[in-house]
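Have a look at these structures, which come just after this line.
Next come two complexes built around chain A: one with chain B, the other with chain C.
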Partner chain A sequence: MTGMTPLGAEVPRQLLLYLTPAGSWQLAFYGVPIVLLLLLTFQASENFRVAWVWSLDTWISVFSAPHIWLALLRTLAMSALAVLCCFALAFPVAYVMVTRLSAYDAHIKLAILFAFLSDMVLKTYGWVLFLDQEGILNWILRALAVVPADYDTGLVFTLAATLLGITANLLPFMIFTIYLSLSAVDRDLLLAAYDSGASHLRAFRDITLPLCLPGVLAGGAFVFILSMGSLVEERVLGGGKDPMMGTLIRQTFETRVNWPLGAALTVVLFTVTIATMAIAGWQIKRMRGRT
Partner chain B sequence: MKRLSYVDLHHQGTAQAPATGPGLTRRRFLEAAGASALAVGGASGPPRPAHAAGELNYVGWDGYQAPEVVGSWEKAHDTRIKFTSLTDSGGTFTKMVAGGYRDYDVITNDVPWIQRMGAADICHFLDAATFRETFDSFYPQFAQPFEPLMWDGRITGLPTRWGWVGVNINTKHSKPEDWNSYAPVFDPANRDRIGILDFGDWATFQVILYAGINPFEPLDQNQLDEVRKVFRALFNNTRLITADLVQAQRALLDGSALIFLAGGNYIASGMRKAGNMEIVSFVPEPINGMKQGVIWLEATAVVKDPADPELAEDLLKHLVSTEAGTALAWTEWSACPVPSKSVEALLSEEQKAVIDVANMWTNYDRSLTYTVAPNIDDILRIWQEELTR
Partner chain C sequence: MRPGRDLGLRGAAAAAADTILSAASVSKAFAALPVLKNIDLDIRRGEFVALVGPSGSGKSTLLRIIGGFETADRGRILIDGVDVTGETPARRPTGMVFQRLALFPHMSMRANIGYPLKLKGLPPPAVAARVGELMALMHLPEHYAGRLPRQLSGGEQQRVALARALALSPSILLLDEPLSALDAKLKKNLQAEIRDLHRKVGVTFLHVTHDLEEAMVLADRICVMRDGEILQYATPGDIYYRPANAFVASFIGEPNLIPVVAIERNDRGFACRLRWGGQASISLDPGQFATGLIVDGALAKPACLMLRPEHVCLSSRAGGEGSLMARVAEIFMKGATTQFRATTASGLTVSFEVQGARSDLARIGEVVPLEWDARAAFVTAVEPS
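What follows is the complex of A and B.
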């Protein structure tokens, strides 16, 4: 017995049956709230409550407020930078785990997992203790006498500190996805390349890198999506001076008690995140098609 | 008095900070961890009536559930108070408006949020006649009709603890006489030295008052333009905007922030109680008749449709009694005045010094009382726009 997918491909009826509970769950607890959120954007806020008035006022205010788009741009830029930073740090770690330290990779994975499972808020505050005026970094630099006694790196409460926090918190996503794809690379292909006279660099460029690209992309997607919604890092490490969309949404819901506007900002963030991922995916697919 | 160490501050701040920040803060994490530890260990916290006949659901700031505050009331009424710690005033209000009010009988929150409960129709209004004796026990400053807690001519709740929002400085790093006004906040020499406690709309008021504008009156476009200018100037010098009291206290102690706006004596009292009497909190003198501070006030209210209205109202009366008021004025992590006149006589000289009883009415007289600002959404929108700029 078979059914048809929206794209016309045949799928077994049994599979459809198996998917029904998960699909219903997704519809009830993901689809319905999203629809409700969308409906909320067409309402108004009166006396700190939602007034069901059906108007476009909230969307007009969203599209006429440059600060919202500035915050969105900042969020996009920070998320893209976080992906790059995570990739730059994660790839060597994953590569060494698979190739040079494979005997210890269980220990390394455990250490990373432990750090990953530690509370994100605590880890973020830890970076404040490390970076701030009387923090460990300044103390080390002063103790080494490489800087004057009253020197302050001035890193804490900056965008750079926010980026550091996001990168540190999301790094394990990138490490593990790259690690998994690197582990799956067929070693025989590399040996064949070496036998054919390829250098290590050439083999890496032509075999390892293309084959682990799915892991890099998956890790990039994780980091990007989670960065788009980041809140704690900007508040704790960034000093709250350069709000990203997460902060703007929180302020709108909680401080301004303006749910329709908060919902509209959430829809904007949601849409832009999905659109960015779709465009990136399409672009990557095109690039791979060319090669 | 025990002096705070760097490490102690974490415990102190996490226990007292009424964080209004993002969903998760270190304080909330530690509270949750503490609760888990208690649950795992089988501990039950403060002794409670083992087989109380009734139960009352109460959400409020930490400290209000202390046995010294409500223990005798629970015993006298054979009722167990099921207490939920409030960690975020605006967030709690938002959840209550969304229907969460049905979970509680009594709430202690900051005054603006209690007053807004009236507007949001989630408040059990109090009858003035029933509470006449209670109001008579207050300082005249809190006598009826007490506008900050009135909504549409009706009483939304009772004031339970108060203080002032003005200058918070460390006298080791800054002289009080330099802060006769908020002018240094805008001085380019103080760039990256100004801290703001992000407690909802509280963060906005002081600099608006400095601009000669009363935020609690309706504002015209010219005034809103002026508000924008003053916010822009403020953010040019801002080092840190945080809802975390620990971060604010640390910045004051180590001098990285010369001043913390919006915290008031609440932020200072914990440090002063722990021995850091160099942290002072005061309100600058009025400028051209415009008061420069705002009175913060915690209030307790009965939530709409309580299970037992009489019992809930009785708890309110108890919370402003001499017994409960004395305990609330000197909690583990803070030391702030209460509205009941009779409490002051029971405080020791040391307690009065920490609370700064000698100057509390000067600070009060230099401050406006908080009511819901008519243009608060405009003010917060401008704040958001200028912060994001």
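What follows is the complex of A and C.
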């Protein structure tokens, strides 16, 4: 076993030197803005300008505005649902890529990558065309005559449409992380499980699933974080009736030009996202420790 | 008649009742490329058999077909008289030790060894008892039971893999080159342990390896394969001293293989005319020829005389039957022996080995007379089949 330096032990001076460029970059363009953002929340907005007053007024208004917390809850719920939807769609795709279509997996990866690289706003508008009252989905349903001629799914500009958009846009993250962890599972392990008397289902449950869990969790984290900050999908597909945090923050900064409040909302979103991730991580660790 | 199949059939007739594994006419092709060609193999109960061959010989494929991890295109597999040809690995009385061991990385040593028992539906106390038994058998310290495979040494991982494969007391233990990734010293230790284990548990072992020396150390019988065919299936002694063809002979050590021009009957048996320094001749018993080589008092196919380097030595006299002159080209100190390589006037290279550090026996460039022990010579086919 390689000897690992315990945390807090003496760090070689050379290592500090190597870390300096990356560290200063992080500090200047990540640490400093966050501190500024935090300071901004204690100011006030007067005539669309920031007034340096040092008060808790912004925070008081944040905690006394139920619509903000409703938006936060909605964002959390949407993100959790997006993680579930992405997992449900990505796992079979990744599994088939690794097991059944391994001869074509390079082609499939390329296709997914292209879909991933094409502009997100454009793709999201594509969903509008698909879901619209006179869109492709309704047209197909009517053409198949499974619904009356004036039928409308009514999906466009709803939360469901937003969820669809978020799921579609973030799906590649989940597919790739699960694909990587699945392809790292040695096939001999499954054969060893069969040799031990396991059925295919049992071997999948006992071997494949636990071994690809890190990939599932990493994909889940990607999807969750990106979904918490999503903006385009809600704006294009959601219709703006039930705003999520991203929309709220954008409006506060851009339309209302209330920077202290915008900063406070950002801090709230940031904190809740990190806290949720931490709790989820702790729970998973606890669950895995038990088995 | 292939010599390998010939021996296989005789073995089956002698011990048909005691045959634990019988592979009959097994063929397999991958994308039209044949990897196994009509293989017949019988293994007796409690025997230790090694499948040996270079990579691509089909030995691993045969093992995987026996274990149920691969399906044969044709042929049948019988274990203990039961046809298991179409059965899954889970339903065969076999245990497999994989080349890369395939220990479950997320399970402790205890959970790895106990996994087959747990699947069998044994109650936890019975599983724990059997795991303890197996760990004791494999000399695995009890306080290691909670460790993950990556926290174990290479040798310990091997033993865990063996214990897991033996957990359900299989009729046959299949070993797919489990020692190939280990360093030489650890390999030697584990060979001794596997040999020991075989004696203790009394289970039939089928061990695949590309290393004939390893097979000689371990096995009661060795099945040498090449290009999807069995070249010879015999005891280590027969493989070494009575190889069925030049390929089997060359698979271990560096035998001298001297082309035989013709044979004639004489009072001892046959006189072999050899193509080396002039036309030398050597008298041999009929038993010193590979099976099927002589038909109607003549060679049925191209043959060569095999002389192991340890059976050739420097001669005190020059000329006469069973000796020839050669110029020493190379001398190697091998520790317990000294190896010489010499060239005859006709350009044939002869290597010979003497006990001890004896580089003083000859100098490089010197022409020396060589003689050999004619009783240790063996005439074998140049090409298989």
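In the analysis below, the second predicted complex is superposed on the first by the 279 of 291 C-alpha atoms of A that agree within 3 Å, B and C clash if a C-alpha of one lies under 4 Å from a C-alpha of the other, contacts with A are read in each partner's own complex, and residues count from 1 in each chain.
Following the convention adopted for this analysis, a contact is a pair of C-beta atoms (placed from the backbone, for glycine too) under 8 Å apart; a residue touches a chain by one contact, two chains touch by 3 or more.
This one's a predicted model, so the numbers in the text were calculated from it and none came from an experiment.
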| item | value |
| --- | --- |
| Three-chain arrangement built on chain A, chain B and chain C clash or fit | fit |
| Partner chain in contact with A:V121 - chain B first, chain C second, else both or neither | first |
| Chain B versus chain C, judged by how many residues of chain A each one touches | B |
| Partner chain(s) touched by A:A44 [first = chain B, second = chain C, both, neither] | neither |
| First (chain B), second (chain C), both or neither touched by A:I207 | second |
| Which superposed partner A:P243 touches (first chain B, second chain C, both, neither) | first |
| Vertex chain A; arms to chain B and chain C (CA centroids, nearest 10 degrees) | 150 |
| Touching partner for A:I225 - first (chain B), second (chain C), both, neither | neither |
| Chain B versus chain C as contact partner of A:Y194, first or second or both or neither | second |
| Per-pair minimum CA distance [chain C against chain B, superposed on A] in Å | 45 |
| Shared contact residues on chain A - chain B and chain C | none |
| Residues of chain A defined as touching chain C within the complex | 1, 186, 188-189, 191-199, 202, 206-207, 210-211 |
| Chain C residues touching chain A - in the complex, by the definition given at the top | 67-69, 88-90, 94-96, 98-100, 102-106, 115-116, 119-120, 151, 164-165, 167-168 |
| Contacting residues of chain B [partner chain A, same complex] | 20-26, 29, 88, 90-91, 93-94, 97, 116, 119-121, 192, 198, 200-201, 235, 238-244, 247, 250, 254, 256, 377, 380-381, 384-385, 387-389 |
| Touching residues on chain A, where the partner in the complex is chain B | 45, 47-49, 65, 67-68, 70-71, 119-122, 125, 128, 132-134, 154, 157, 231-232, 235-236, 239-243, 246-248, 250-259 |
